[in-house]
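We call the chains A, B, C, D, E and F, going by the order they appear; numbering starts again at 1 in every chain.
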Amino acid sequence: MPRPVTLFTGQWADLPLEVLAEKVAGWGFDGLELACWGDHFEVDKALEDDGYVAARRELLDAHGLSCAAISTHLVGQCVCDPIDERHKDILPERIWGDGDPEGVRRRAAQEVIDTGRAAKLFGVDIVNGFTGSSVWSKLYFFPPTTQADIDAGYEDFAARWTPIMDDFAEYGVRFGLEVHPTEIAYDIYTARRALDAIDNHPSFGFNFDPSHLVHQFVEPAAFVDEFADRIFHVHVKDARVQLDGRSSILSSHLDFGDPRRGWDFVSPGRGDVEWDPIIRALNRAGYHGPLSIEWEDSGMDREWGTQEALELVRSNDFAPSGVAFDAAFGDGE
Amino acid sequence: MPRPVTLFTGQWADLPLEVLAEKVAGWGFDGLELACWGDHFEVDKALEDDGYVAARRELLDAHGLSCAAISTHLVGQCVCDPIDERHKDILPERIWGDGDPEGVRRRAAQEVIDTGRAAKLFGVDIVNGFTGSSVWSKLYFFPPTTQADIDAGYEDFAARWTPIMDDFAEYGVRFGLEVHPTEIAYDIYTARRALDAIDNHPSFGFNFDPSHLVHQFVEPAAFVDEFADRIFHVHVKDARVQLDGRSSILSSHLDFGDPRRGWDFVSPGRGDVEWDPIIRALNRAGYHGPLSIEWEDSGMDREWGTQEALELVRSNDFAPSGVAFDAAFGDGE
Amino acid sequence: MPRPVTLFTGQWADLPLEVLAEKVAGWGFDGLELACWGDHFEVDKALEDDGYVAARRELLDAHGLSCAAISTHLVGQCVCDPIDERHKDILPERIWGDGDPEGVRRRAAQEVIDTGRAAKLFGVDIVNGFTGSSVWSKLYFFPPTTQADIDAGYEDFAARWTPIMDDFAEYGVRFGLEVHPTEIAYDIYTARRALDAIDNHPSFGFNFDPSHLVHQFVEPAAFVDEFADRIFHVHVKDARVQLDGRSSILSSHLDFGDPRRGWDFVSPGRGDVEWDPIIRALNRAGYHGPLSIEWEDSGMDREWGTQEALELVRSNDFAPSGVAFDAAFGDGE
Amino acid sequence: MPRPVTLFTGQWADLPLEVLAEKVAGWGFDGLELACWGDHFEVDKALEDDGYVAARRELLDAHGLSCAAISTHLVGQCVCDPIDERHKDILPERIWGDGDPEGVRRRAAQEVIDTGRAAKLFGVDIVNGFTGSSVWSKLYFFPPTTQADIDAGYEDFAARWTPIMDDFAEYGVRFGLEVHPTEIAYDIYTARRALDAIDNHPSFGFNFDPSHLVHQFVEPAAFVDEFADRIFHVHVKDARVQLDGRSSILSSHLDFGDPRRGWDFVSPGRGDVEWDPIIRALNRAGYHGPLSIEWEDSGMDREWGTQEALELVRSNDFAPSGVAFDAAFGDGE
Amino acid sequence: MPRPVTLFTGQWADLPLEVLAEKVAGWGFDGLELACWGDHFEVDKALEDDGYVAARRELLDAHGLSCAAISTHLVGQCVCDPIDERHKDILPERIWGDGDPEGVRRRAAQEVIDTGRAAKLFGVDIVNGFTGSSVWSKLYFFPPTTQADIDAGYEDFAARWTPIMDDFAEYGVRFGLEVHPTEIAYDIYTARRALDAIDNHPSFGFNFDPSHLVHQFVEPAAFVDEFADRIFHVHVKDARVQLDGRSSILSSHLDFGDPRRGWDFVSPGRGDVEWDPIIRALNRAGYHGPLSIEWEDSGMDREWGTQEALELVRSNDFAPSGVAFDAAFGDGE
Amino acid sequence: MPRPVTLFTGQWADLPLEVLAEKVAGWGFDGLELACWGDHFEVDKALEDDGYVAARRELLDAHGLSCAAISTHLVGQCVCDPIDERHKDILPERIWGDGDPEGVRRRAAQEVIDTGRAAKLFGVDIVNGFTGSSVWSKLYFFPPTTQADIDAGYEDFAARWTPIMDDFAEYGVRFGLEVHPTEIAYDIYTARRALDAIDNHPSFGFNFDPSHLVHQFVEPAAFVDEFADRIFHVHVKDARVQLDGRSSILSSHLDFGDPRRGWDFVSPGRGDVEWDPIIRALNRAGYHGPLSIEWEDSGMDREWGTQEALELVRSNDFAPSGVAFDAAFGDGE
């Protein structure tokens, strides 16, 4: 029984959902993971307008598309981040408000809670997103940074997210952090530290996305094995290390898509992510949810690439085996 | 003229041949390599029952399936092995008998001879299988092991298999040893030693299977080039080295399918075997026989994988070229 | 808008163009890059016979095939080379004449000019080819070779090719040197030196072919980036390094196709050329011309391989993106 | 004529200079690169107290130690950085003052100017150090970061450092930025961008330290070749990438010395820095200044390691050749 | 405080201890790890003859040599092994007796107990050695082998070694198993399984020897980190993987020293063992015991090599650091 | 018994032998391999002047230096080469004469014969050198080159060198071809072809020099194993591949020493040659002659480097072992 293949709509926010849904259904997708930006899934409307979620659902149904998760990366980012002008561009005005950092963070936290509530109304029990981090920028440890400095960041995270997760628990909704540089967790050790900080809150887990691990040289399947029971959702996205002796893995303050960068995102199948070991790890973990393509490649036409990616997923989503070999071999009679 | 693609039935012994043949024909295979266990090809019935081989042939014909080889790995294993309880599980009762090791080995040797005779009746001139080995377990050379100790093992092999090969020669049937750890030959040097021991008996050659070589880091195409005139049959099977600094290439007494192993079998195309150089080597060797998929992957649904493997073989089984390039280029007028 | 995929006819000179065109059209190609040998594109007839080019064009049109370039590798080679008996085999008698080296070189130079003129008549503005080199054979620098010795070779090249390029400029035709060992340019540094020598003549650029770079361990995409505005045409051809500790990258005076060579040409997709970075580089360079398959593999049936190659190109020729990601992500409202 | 080998005193600030000088001279060093912290080189005293620099010089002379550079990494860091509590720990109280960020930055800038002046008094014409950066923390480009955001950081750097460099020029002193993550330049591309921003100010160059490049996978010798005329000083320091599939190149918020980090500093010769190509590049660049060991290894006794490092440098600091080989070979008579 | 460097005498059993001790002291070693074969340390004499251990100790003292461990690899091997003729060659007659396997195993077990007692008399609290294994030869898992089969082997090990370890505990002596193919533990996972089987008996730990891990591609430092409190003793020995496409990692039934093997033992420093990470791991583990060179290289003069190895160890046995760097850097005042 | 370490004087022809001998003896060398250019060993004088060889020998004796081989690379090169102006620079006038190619080749051949005679007079039985090749420049096989073309080159070599070797045999002197690009043999396969061509003449063998193999990616130890009985002399020289994606292994018509080349010669120990496997192979081959340092590194002071190289050789020239390990281990009683 193959997993549903969905498209994360975050990179298609320039298209109205109606347009996008028709395209995506035509390409053969099973569903969508709706972004809470553009007009794809509007939390305020979902909570205010009685007919909104039903209409959204009808639109999807009309194209035979399921929806198993909604995503709140942009607002989530603002819950723990030191706030600067860049955050203004990723927030609705009602959350940015006067831009006072602590106020922004609190309004963002409330919006994430509301997103959980809206998800429940919509019949979806996974919300994916970012958390932000007050200590990400201290990653190099110079000026000298102590573990106490870092611990403070994890405590801040726990203080802000535990109440959110409590509300989520109440709604029966879970939150999948997309482990990612700039977030409170960006690899295996920081993911463990985040879980410890939040006391392994049952509502808190991961939206596994290998593209953020391979450029750090972390083995994605090891992440799945380590957190098997916390894999709440899966992104299919790819990245490629393109070091040549002059490029830097820290990317030299160059834009995505600049060929001088040491790594970049590429269309699934064209990067360093090996999907076979990931599928095996997901099978071991008992993950049966969607494989959700998050398509991002600054050097390729997105419609061409998205269709290629769908084909890739279909040809790799194999079920595990029940047979023990060489044992079957031993069937002497 | 592409080679026939067959399926080795050894890993499907839980299915009656009738069921299996229908499936396999439906997937587009050209034929089967029948295992002499399960109900696929029963040597005793073939020799005792006048109609058996004709019925087997009819069953295959009904599905448009050919058969170019039968396989006797389990019985063959018992010809040279030190016998222990594990062998009981891979033998019919009539061969195990009272389990006295030398008796088991002799009955197994006779059964291999009978298998050659049955093959001939069935119209097949290749029998694939294992040989067992009295010295395999001495591979590490500690406690201190001398070349005399090893030579004794090869002499034992020659003493037991020469008579079998003589009978095969009489039937016009050849035996293809699947070079494999636990056998008298498991790599290039031991294959040469086995051939030397048996005095290059014309009936004795190899069922080439690259999956047993790649985890030893032996280059499969080099094996084909080395023994070009002894490649009697070919298995399409794959294996993957999955070392991570903690896993061992000796596999830590862990079951196939355990992700902590240093290597494992995987579905063809998903492992370390490179098929292109093998096809070129087979072309150089003039091998025109079947490419027989032996499907074994503890982490994948076997029906899904077998069909993928068939597609892999079809897209790699290219014919050699008669054109000499750059020479053709020189066609100045 | 995908690029046209064409077949370079040089390796098919044993087939009359009529036969070849029918085959190629049947396989789904968009066009042909005609070789000036065999009967594919005959420069002398094109210039002498009023109806020749029209007939050639009709033949192509009848099969729905375009032609964007013609190729004069063999004659071009003789413009700068020290001439020996091997050149006789690649030249028409009228150019070889009495075989006096300087005479051969001059007649070859004139033929290249004529080829440019014929191209223009045929409505094609790219002529691909080789240049030969008087210094290629000095590549190892022993006996001791000075930069003055090498400079003399580049001056000889400039002296012989500048007049040809001037005439090409007049016709509005450009020449694409296929950078290749044995030519005046065979890698990035020699290509730069050749351009410098010929004073960056606007008619002189490159027929980019990565197969000649990968066995030198030159990164093909770096070549495209370096000479972005000089990529006049593109060959899709592949090569594979097959070093094993005994083979030499200098190929041991062994024929193409000999498995003991340290590298060899192989069918596109089966070698060391990575097409994805090349397509990205071509996209950056704004190259919209044909992707022309030059098919050469001494170990594979050419018809089988050519069709596989076409499929490879189709599945890799993606358009660039106009979207800036993570920016689109920032579309907060 | 080998280069002087000096020890950078920054990691020995716990020892009074007198104690350190005696040790270092005993180990066989040629000189010291004095840190402007601890009691090694106190800028305020140098400017206020007439006898200070003479006494410092006498102390060095007494041990036969030269000094070619002083270093102001800590204060320099505060010139462009966003200031937080961590900066308080690396600054004298008189610079920290009330901790108002802009005030701290301005006082730090003035201190760097004063350091240049003190260097001149001390007879040293190289000041090494850090610059800080207002944009380092934006390295990942999420939340979406534009080139305009980054440009602003480089403009800020130019605005703050141009006046400092102007004063340095007046004193005849040059500033060597140690290219390093957390600084305005941390690799080749950002070093170029910094030079462009500051209009290639003649007083601004680099204190080349390969240990900060290898964990970014930047080839150190390429840096030297790129900025040959801007290599003002050289650090001998080493780092090792220790990826294992679970560790991250971004180091997981773990302390230096934690074996789970993806990379760490190690004693020279025990890491990924290859000294031979660097010495060749320095020879090509005509750099004749000190090779200054900056010793940092959280897993090794520093006195043991420093002596090993000195031996490493001595055995690698070879002079270039004037002989052209194979040419000398050609001396036939 | 560097660790003592000792020589394991096992490969020098052809020399009387007196001769060997003089040599070894002359080379500058600190001590010996005495083998219980040759005349080096004779367990029966130690227990029977009151003056034996004192005389042995005097002999060592006379050369200024310490002894921190004795080794009983050969007898230990026979405790769990299936016994064959090869074991006769490694045992004293009194233990071999009539060669009945179970009798041999029991007498060997008693001899190990006696060795512990003799060690105590000699004033040594570490006995190193092998355990043998009843399941090693089942490593490939064909004929089909179940985890129950393997479990039986570990139970057999526990049954035979628990009483030995109980006696050792009484004597205050610990046993260091040299993890090694052919033993109950040969890598990280089997070492864990052995510890589990023997219920983490406090007398049972490891004689860490990286040469047996690198040819399995197990990272030696990971072993030390995993079993930090069970590293009772350390061997300095090296091995090299020498794969070339024809050689097998399983070594093809070829003698040590045969260049066709896929791996072999080589003199320390000439193989794949990296000593720097091991020293760091031993420092982390708090191991302060001897670094005992076990010298074995079939291609090198042993006296030449042993002296080179001693120099290698001396130049790598560094102490850990107490300093936290970049923190020291932060000493702003 | 270590091998003598000698210095090949070819790269020191600018120094009179007297000066050089004093230097080299002072550095601790055992002897010299004299070049037949500069004033080191003058063949004409040796044959004409009765006292010449005695005086040369006295000069060496005075410095305690042996001489086991003389070298005639430059003249040897001209025996088979197509002759051009570059050869004039490497030949004495009396051999160049009027420069007519065939005349040059014949006079060069006679000079090699004379060199053998002079060697005998001097008491040396090895002459090293080059052979030249009429087909080297055809290495790429374009224009299309047939095996017949290449065969002609080997026949030319045999025709020219067989008479020379016959004379050598008479003198009891052997010729060691330094396998090298530009020669009739430049790798394993061409060395075999040369031996076949010259009918395995007993006087013809090799001056093994790994530096010419590693940049071709040929494993030097494999060469020694292949031609064990033809290793007449050994050069210690090193080369380094320095590919970076832009450089070419064919070296781009760039001078030695240019950092843009894909490979270059470097001081022994600083390149890709691994000496340990070579010493083992020489030990297997029973080679007891000199290890002769041919020092060439365009980026290093030659006196500094030569002394480092001597130390490298001394620390690697180990004798083989007579002991069979694990067997010694088995000394149970």
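Just so we're on the same page, a contact is a pair of C-beta atoms (placed from the backbone, for glycine too) under 8 Å apart; a residue touches a chain by one contact, two chains touch by 3 or more.
Note that the structure is a prediction, hence the values are computed from the model and not measured.
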*Would you identify the chain whose Cα-based centre sits farthest away from the centre of chain A?*
F
*If you tally the C-beta contacts, which comes out ahead, A-D or A-C?*
A-D
_From the options B-E, B-C or C-F, the pair that copies D-F, where over half of the contact pairs coincide_ = B-C
*Tell me, please, which chain's centre (mean of its C-alpha atoms) is farthest from the centre of chain E?*
C
_Proportion of interface numbers common to chain B and chain C (over half same, under half different)_ = different
_Inter-chain centre distance, chain E versus chain F - centres from mean C-alpha coordinates, in Å_ = 46
*Could you grab the centroid distance between chain A and chain E? Build each centroid from C-alpha atoms only and quote it in angstrom.*
49
*Counting in whole Å, what is the centre-to-centre distance of chain A and chain F, each centre being its mean C-alpha position?*
63
_Multi-chain contacts only, two chains or more: what residues does chain B have there?_
74, 89-90, 141-144, 219, 222, 244-245, 255-256, 326, 329-330
*Residues on chain D engaged by chain E in the complex (per definition of touch)*: 10-14, 37-38, 73-74, 89-93, 242, 244, 255-257, 259, 265-266, 270, 296-302, 304-305, 308
*Of all residues in chain D, which touch chain B in the complex?*
244-245
_Residues on chain E engaged by chain D in the complex (per definition of touch)_ = 219, 222, 225, 276-277, 280-281, 283-284, 315, 318-321, 323-326, 328-333
*Touching residues (chain side chain F, partner chain C) in the complex*: 74, 77, 81, 86-87, 89-90, 135-145, 147, 149-150, 180-182, 186-190, 193, 213, 216-219, 222, 243, 245-256, 260, 262
